[in-house]
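Both complexes shown next keep subunit A, but they swap its partner, so subunit B is in the first and subunit C is in the second.
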Partner chain A sequence: MSIVEQYRTKVKELLSSGQVKMVIGYGAGTTPDRRRPLFMRSPEDADKMLLDNACIANLSGYLVSEGLLSDEKRVAIMLRPEGVRSINILAAESQLKAEQIVIVGFDTAGEELRAIEGSEAKDFCALIDSLKESAPLQAPDPLFERIVQMSPQERFNYWQEEFSKCIKCYACRQSCPMCYCRRCIVDSNQPQWINTSSHTLGNFEWNIVRAFHLAGRCVACGNCDRSCPVNIPLRFINRRMGMEVLEVFDHFPGMSESQEPVLASFKKDDPETFIL
Partner chain B sequence: MTRILFADKLDNCLERWRSAGISVIGPVKKSNSSGYSAVTKAAEFDFNLVLPERSIKELFFPQSEPLMRYEIKKQEINTSEFKAPTSERIIFGVRPCDAAGLAIDDPLFGWDYQDEYWFQRRRETVLVTIACTKADDFCMCTSLKLTPDSEKGSDILLRPLENNSGWQVEELTDRGREAFKIIADLLQESQEKAAPTAVVEEKFDLEAALAWLKEPENFESHFWKEISMRCIGCGSCTFLCPTCHCFDIQDEGDTYSGIRRKNWDSCSFALFTMHTSGHNPRSTQSARWRQRIMHKFNYFPGKFNLNSCSGCGRCSRQCPVDMGITETLQELSKLLR
Partner chain C sequence: MAKIGVFICHCGENVAAKIDCTQLTAAIGEHPGVAVSVEYKYFCSDPGQESVKKAIREHGLTGVVVAACSPRMHEATFRNACAEAGLNPYLCEIANIREHCSWVHTDKDMATIKALEITRSLVEKVKRNNELRPIEVPVTRRALVIGGGIAGIQAALDIANAGHEVVLVEREASLGGHMAQLSETFPTLDCSQCIMTPRMVEAARHPKIRLLTYAEIERVEGYIGNFKVKVRMKSRSVDMKKCTGCGDCMLKCPVKKISSEFDCGLGKRAAIYTPFAQSVPNIPVIDKKRCTYFKNGKCQICSKSCPINAIDFTIEDEFLDIEIGAIVVATGFQIQNTAMYGEYGYGKYADVITGLQFERLASASGPTSGKILRPSDNSEPQTVVFIQCAGSRDPSKGVRYCSKICCMYTAKHAMLYAHKVHGGKTHIFYMDIRAGGKGYDEFTRRAIEEDEASYVRGRVSKVWQENGRLMVRGVDTLLGRPVEVAADMVVLATAIIAQPDAKEFAKTVGIGYDEYGFYNEAHLKLRPVESSTAGIYLAGCCQSPKDIPDSVAQASATASKVLALFSKEQLEREPVVASNNEATCAGCWGCVLACPYGAIEQKDILDRSGRLIKRVASVNPGLCQGCGTCVTFCRSNSIDLAGFTERQIFAEVMGL
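Right after this comes the complex of A and B.
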C-alpha cells in the first residue's frame, strides 16, 4: 500500500471512530502543481485527499483560527516536521493543548514521500532534536549569502527596494501560524501605533515589527514567503533572526510543548550583562 | 491594408511622446515582481507577461494618497490640500481586462461626488491596450462576457502580428487618435496578419450565479461557510484586483500637525467593519468573503448595472490558499435556486 493510501485509511479510521472531529490535509488545487487545504469531516472526504511533494504549506495556523478547538474535541492535521514545531510553540504559548491535536506526520525529500511515525507532538521530539543539530548546516542560498555579505548601507538599500513593493495585504501575517494575535499591533488604532500607509516608512515599520515578533518563534516553514503576492524574500529576514537566536541563546524554537519562549521568559539568575 | 506599429519603431515612439511632454508607462518586471511602471526604453517593456502581477489600478488609485496637510497652532488652524499630480501619460501594453476594470470603476468614483484624484488621472491617461494571444489557467474574461480583445475602457487596441514583429493599430477614441497623431508617420500600411487571440474557456455560468446571489434567503446559506473555510483573511485578492476600490481615511501625525491620507482597505480584514464599541457585524471570515462576492455580483450590478469584475483572475492566481472568484462562482452556479 502506498503512503497516500495508508494515510487515507488512517484518516478514515480517525473520522469513522470519532477520535477526531476533523482532519486538515491537502486536496487538489486549480492547476496540477497546486494543492489546497482540505478540511475532512466525513470518512468519504479522505478520497479527495492528496499527499505528495507539492504539499508544502504549513497548515497549523488553521488550528487557532475562529475557535476551531474551543469545543475541546480533537482535530487531526497533516504536518511536516516544521509544522510539528509550530504545534509545540503554539502549545508553549498557551494557544492550544498539544494533546488535542492528532498529528499525521510526513516529509518529502525530492520526489520521495516519507511517513513519520507518531501521533502527538511529543512523539516527534527525537526527530526535532536532530533538526536542531543540522540547523546551522541548512542548504546555502546564494541570495541569502549575498545579503549577509552586504555592508549595512547596501543591505538597507536592498530591503528598501524590496519593501517598496509591499502592498500591506498582510498575507505574510495571515498565513503565519505564529501570527495568531487577536488584534495585531498594526490593527490597534486607538491610538494608531503603526502607520497603515503603504509608503516607505509604513512598509519598514510593518516588516520590522513582524521580524522582531517572530524572532525565536519562526520555524522557517516559508508560508510568508510563498504567500507574498509581490515576492518579497521574507524567508531571509526570519532565517537571519533565527540564526541570531540560536547563536546567542542556543534556542531552536518548537523543540517541545514545555520549551519556554526565548524572548518572553526570564530567569532569576540571569546575569543580565546586556542591561546597562 | 491596416496600419501597423512595428516593434522596432517603439523607441522612436517613446522619444516622440517624451518630446510632446507625455510620459510612458508599461508592463515591467523588476525585483522579481511585475506591474505597470515608468518606461524610458522599449527594451524595458515585458510584453510576454500574460498579465502583470499588480493591476493597473494603482496608477489611478494609489495604495496611499495624501489628501491634506493640517497644522494646528494656538490661534489658528491651517490646512492645505494635495491635488493629484498632473501629467499627460500613455500606458502602453495594458491588458484588456485591466482597461475594462478602470471603466467598471468610473461610475463608482463619479457616483455621489466626483473623485478628482481618480478622474484627473483618467482624463490625462491614454490606454493603449494589447489584445491577448496567451492566457493561463486563471484567466476568466470570457466568463464575464468580455474577450481577450475587448475594447472596453481602451483608447487604442493593438493586435499582435503573427510573426510578433509589431501590432495592428485600431484607434477607438479621440484621445487615442490624438496620441497616435504624434507618431502617425512611424506607422506603416501593411498586409501583415494579426495573431489569433487567446482561447479563454468560459469557466462558470454567470447568469446562474447572479440569479442565485439575488435570492435574499441565500445570504444565510451554509454555502458561504463551506466555500471560505480555507480563507486566511489576507488582502491579496482585493489589493491585486483591478476593480476593488475600498479605502480608509487615516490621519498620520499628531494633534498639532500631520497628513490626512487615503489608503487601500480590504473587506477581507477583520478590522474593516469593526465598530468603536468592539462589535463587528462581519465577525467571521465567511461573512467577509460573502461580502466580497455580493458586492461584486449583486450590490454593484444593482446600483450600476455592471459586475465589479473584469475576469483578470488575479484573485485566484495569487491566492496563498488557492481560493478566488472563479471557484466560488463555479460552485455557486451549480447550486439550485
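Right after this comes the complex of A and C.
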C-alpha cells in the first residue's frame, strides 16, 4: 500500500469511528503541481485527499478559525514537523488545547515522502528536539548568504527595493498560523501607527512590525513567502530573526506546549536590573 | 476646542541662558489650540504658580504645558496648582526643556528650535489627555516586619506603638540578629546586649506585636494594602505553650560539641539549644540535623529530662495565612567568608579570626567571658594585627563596595583590646579611615591618641606562621617600604554581604535587588526606604551595609511610611494604570507573563447562560504600577496605559 493509501485509510478510520469531527488535509489545486486545503468531514471525502511532495503549506492556521474548536470535539490535521511546532506555539499561547488536535504527521524533507509516528503534539518531542540541534545548519540558501554578507546600507537598500513591491494585500498575514489576532495592529487606526497606503514608509512599517511579532514564534514554514503575490522573500527576514532569538535566548519556537513565549517571559534572576 | 496654556520657565539662567524664551513663547503662541503662552523667571515660585492658576481661571484653559525642568522635579507642584485652580491635575504636562535641552546644548539657536519641538509635542499630547481620578484601594492595617534584628525590632515597635498590629517574623530561634552578637558599640562603647535585650523583650511583650520566631516567609501575594502572606512556622519540637525555658534539656543533651553559630564557631552548643542565654523567646529548638533521635530514632534524653513534658518530636511545620497591609523587609546581612584570601590564612591558622569573632571574644557573654584569648591556645595575645578591607573595596577577590562599618569597629576593637590587655600592641593596616558620622572621627582619633592604635596605611600581602606566632607582611605606603610584624592574633575586617538567599527571597517577596543581592530602593536619594514595589519598605543592611544608628533611623523611617499608609482607610493610587480592550484581546497571555508585578489576570467572558465565550486579559488596577511592559508586548495593541495612551504618544511623536 502506498503512503497515500495508508493515510486515506487512517483518515477514514478517524472519521468513521467518530474520533474526530474533521480532518484537514490536502486536495487537488488549480494546477497539477499545486495543492489546496481539503476539509474532510465524512469518510468518503478521504478519496479526494492527496499526499505528495507538493503538500508543503502549513495548515495549522485553519485550526484557529472562529468557532471550529469551541465545541471541544477533536480535529485531525495533516502536518509536517514545522506544523507540529505551530501547534505547540498555538497551545502555549492559549489559542487551542493540544490534546484536542489529532496530528497526522508526514515529512517531505529530502525527495521521499515519509510518514511520522505519533498522534498528538507531545508525541513529536524527540523529533523537534533533533530539529533544534540541526536548526543552525539549515539548508544554505545563496540569496540568504548574500543578504547576510551585505553592509547595513546595502541591506537596507535591498529591502527597500523589495518592500517597494508590497501592495499591502496582507496575504502573508492571512496565511500565517501565528497571525491569529482578532484585530491586527495594522487595522487599528486610533491612532494609525502603521500607514496603510502602499508606499515605502508604510510598507517598511508593516513588514518590520510583522517580523518583530514573529520573533521567537516563526517556524519557517514558508506560508508567507509562498503566498506573497509579488514574491518578496519574507522567509529571510523571519529566518534571520529566528537565528537571533536562538543565539541570544537559546529559544527554538514550538518545542512544547508549555514553552514560554520568548519575548513575553522574563527570568527574575536576570542580572538586568532595569526589569524591575 | 482645546485651550492650552503654555508656561515657559527661565529657571533663572538654567533655561534662559541657552534658549531664547521670548522667541519660544511667541512661536508656541502661534500653535493651533494654544490660548495663552507666557514666560517667567521661576514658575515654581509662589507668584509663578499663582500666575498659572490665574491663567487657568481667566482663559478657561483645558490643558496646561509647563516648559521647564524634568517632571521628576515639579510635575507634582504644577499638577497640584492646576487642581487648586479647578483643572484636573492630569491635564497638566511638563515639557522638559532643561535636562533635555538647555543643559545639554551649547548652540542657542538650535536649542531654541529643539525646545519649541519639545513643547509643541507636549501641547499635542495634552490636547488628548483625559481627566483621571485617583484609584482607591482598601487598606488592611496590619504590618509584617521580616527580620528580628535591630532594624526589624525598631520598625515593629514604632508601628505597634502607634497602635497598629504588627507581625514580626524571625527565621532564627531568637530575636536579636547580628546586634545581639556584638560586644560594645561605637562611638559610645555602650554594651550592645544591654541596649538590645530590653528592645527584644519589649517587642516580645508588646500587645500589638505578634512575634513569630523560627518562622519563614513562604509566599507573598497581593498588593499594597492587601498582601496575603503565608508563613511557615518551622517545628521547634518543643511545645511553646508549655516550655518554661528552664534549660534542663540543654544541659542533659548528650550531643554537646556542635559549633555555635551565634559564637561564630568559637563556642559550643547542644543539639537542643537556644542561640544565646538571653534569647527571646527563651524556648529552645531541636537541631534536627544533629539530634541523635532524629538521626537514629534513639535517645529522647531531653524529653525524659523535661519536668513538664514540653518536648514533642511529632510536631510538624505549620503554615499561617495572614492578611497584611504593608511589609517592612529587614532581613539583614552576612559576612563574607574570608577563606578566599589564601594569603591571610583564615581557616588555616586558628588565630586569624574575623571581626565578628573578635566581637564574641570581647563580649562579656561570649565563649571567653569577655577575655581576649587566642582560639589556638587560650593565651592572651600581646600583639594584634587588624587588616581592614579584607574583602571590601577589592574588585578582584572581594566586593567592590565599602562595607562602611569596618573602619569604626576596627578602631573599637583596638580600643577594647587596649582596655582589656594592658601593654598589648595593635597594628591596623588600612586603605583609608572612613569615619563619617556623629562622634566617629573623634572616636578613631581617640583610638590612635589615647589607646595607641598604630595605623599603617597599606595592604597586607601575606600572613604565615613562624615559631608559634603569625608573621604579617605588608607595606607602609606612606613611608614607601615593606613592613613585617610578628603578631599573636590577626583580625580581618571582613566585608558585609547580602544574605546568601537574598536574591531568592527578593523573588518570593517581589522586590528588586542589585548585582550584590542588596535590595533596591525606589530612589537612592529621594525614596531610600521604599522598595520598587508599592507597600514594601526596606530597613537595615538588607538594602546596603550600614551601622546601628543608620539601621535604626531607616527602620523608623519605614515605620513612618507604614503609618502614613495606615492613616487612611482607603489608599489613593496614581491612576496611571493599564487597561485592556477585551473586544480585541486575542488571549495569548503574553502580557500575563510579561507583567513583573503579577497585575494581569485571566478573565472569562460568559454569555447569558454562563457559557464561556472567550478568555481575555484583565488588569488589576491595585497591582498595576503603570510600567507599560504589557503595552509594548501586546501584538494586537489591545492594552493601553492611562496618561500615556497610544493616541497621546502618537500625537506627541507627530508633534515633534
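Keep this in mind: the second predicted complex is superposed on the first by the 269 of 276 C-alpha atoms of A that agree within 3 Å, B and C clash if a C-alpha of one lies under 4 Å from a C-alpha of the other, contacts with A are read in each partner's own complex, and residues count from 1 in each chain.
Note that contacts are C-beta pairs under 8 Å (C-beta built on N, C-alpha and C of every residue); 3 or more make two chains touch, one makes a residue touch a chain.
Treat the numbers as computed from the prediction; the structure is a model and nothing was measured.
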item: Contacts of A:Ile185 with subunit B and subunit C, given as first, second, both or neither; value: second
item: Which of subunit B and subunit C A:Asp225 touches, first, second, both or neither; value: neither
item: Partner chain in contact with A:Ser265 - subunit B first, subunit C second, else both or neither; value: second
item: First, second, both or neither for A:Asp45, with subunit B first and subunit C second; value: neither
item: Contacts of A:Glu82 with subunit B and subunit C, given as first, second, both or neither; value: neither
item: Subunit B or subunit C, by number of subunit A residues touched; value: B
item: Partner chain(s) touched by A:Gln95 [first = subunit B, second = subunit C, both, neither]; value: second
item: Overlapping contact positions on subunit A, where the subunit C interface meets the subunit B interface; value: 190
item: Touching residues on subunit B, where the partner in the complex is subunit A; value: 31-33, 53-54, 63-64, 137-138, 229-230, 232-236, 238-240, 248, 250, 252, 261, 263-264, 266, 269-271, 276, 284-285, 316, 318, 320-324, 326-327
item: Subunit A to subunit C touching residues, read off their complex; value: 93-95, 180-185, 188, 190-191, 193, 213, 260-261, 263-266, 268-269, 271, 273, 275-276
item: Subunit A-facing residues of subunit C, complex; value: 503, 506-507, 511-515, 520, 532, 583-591, 593-594, 596, 615, 633, 635-638, 646-647, 650-651
item: Subunit A residues touching subunit B - in the complex, by the definition given at the top; value: 29-31, 34-37, 39, 57, 61-62, 65-66, 161-162, 165, 167-171, 173-175, 187, 189-190, 192, 195-199, 202, 223, 226-227, 229-231, 233
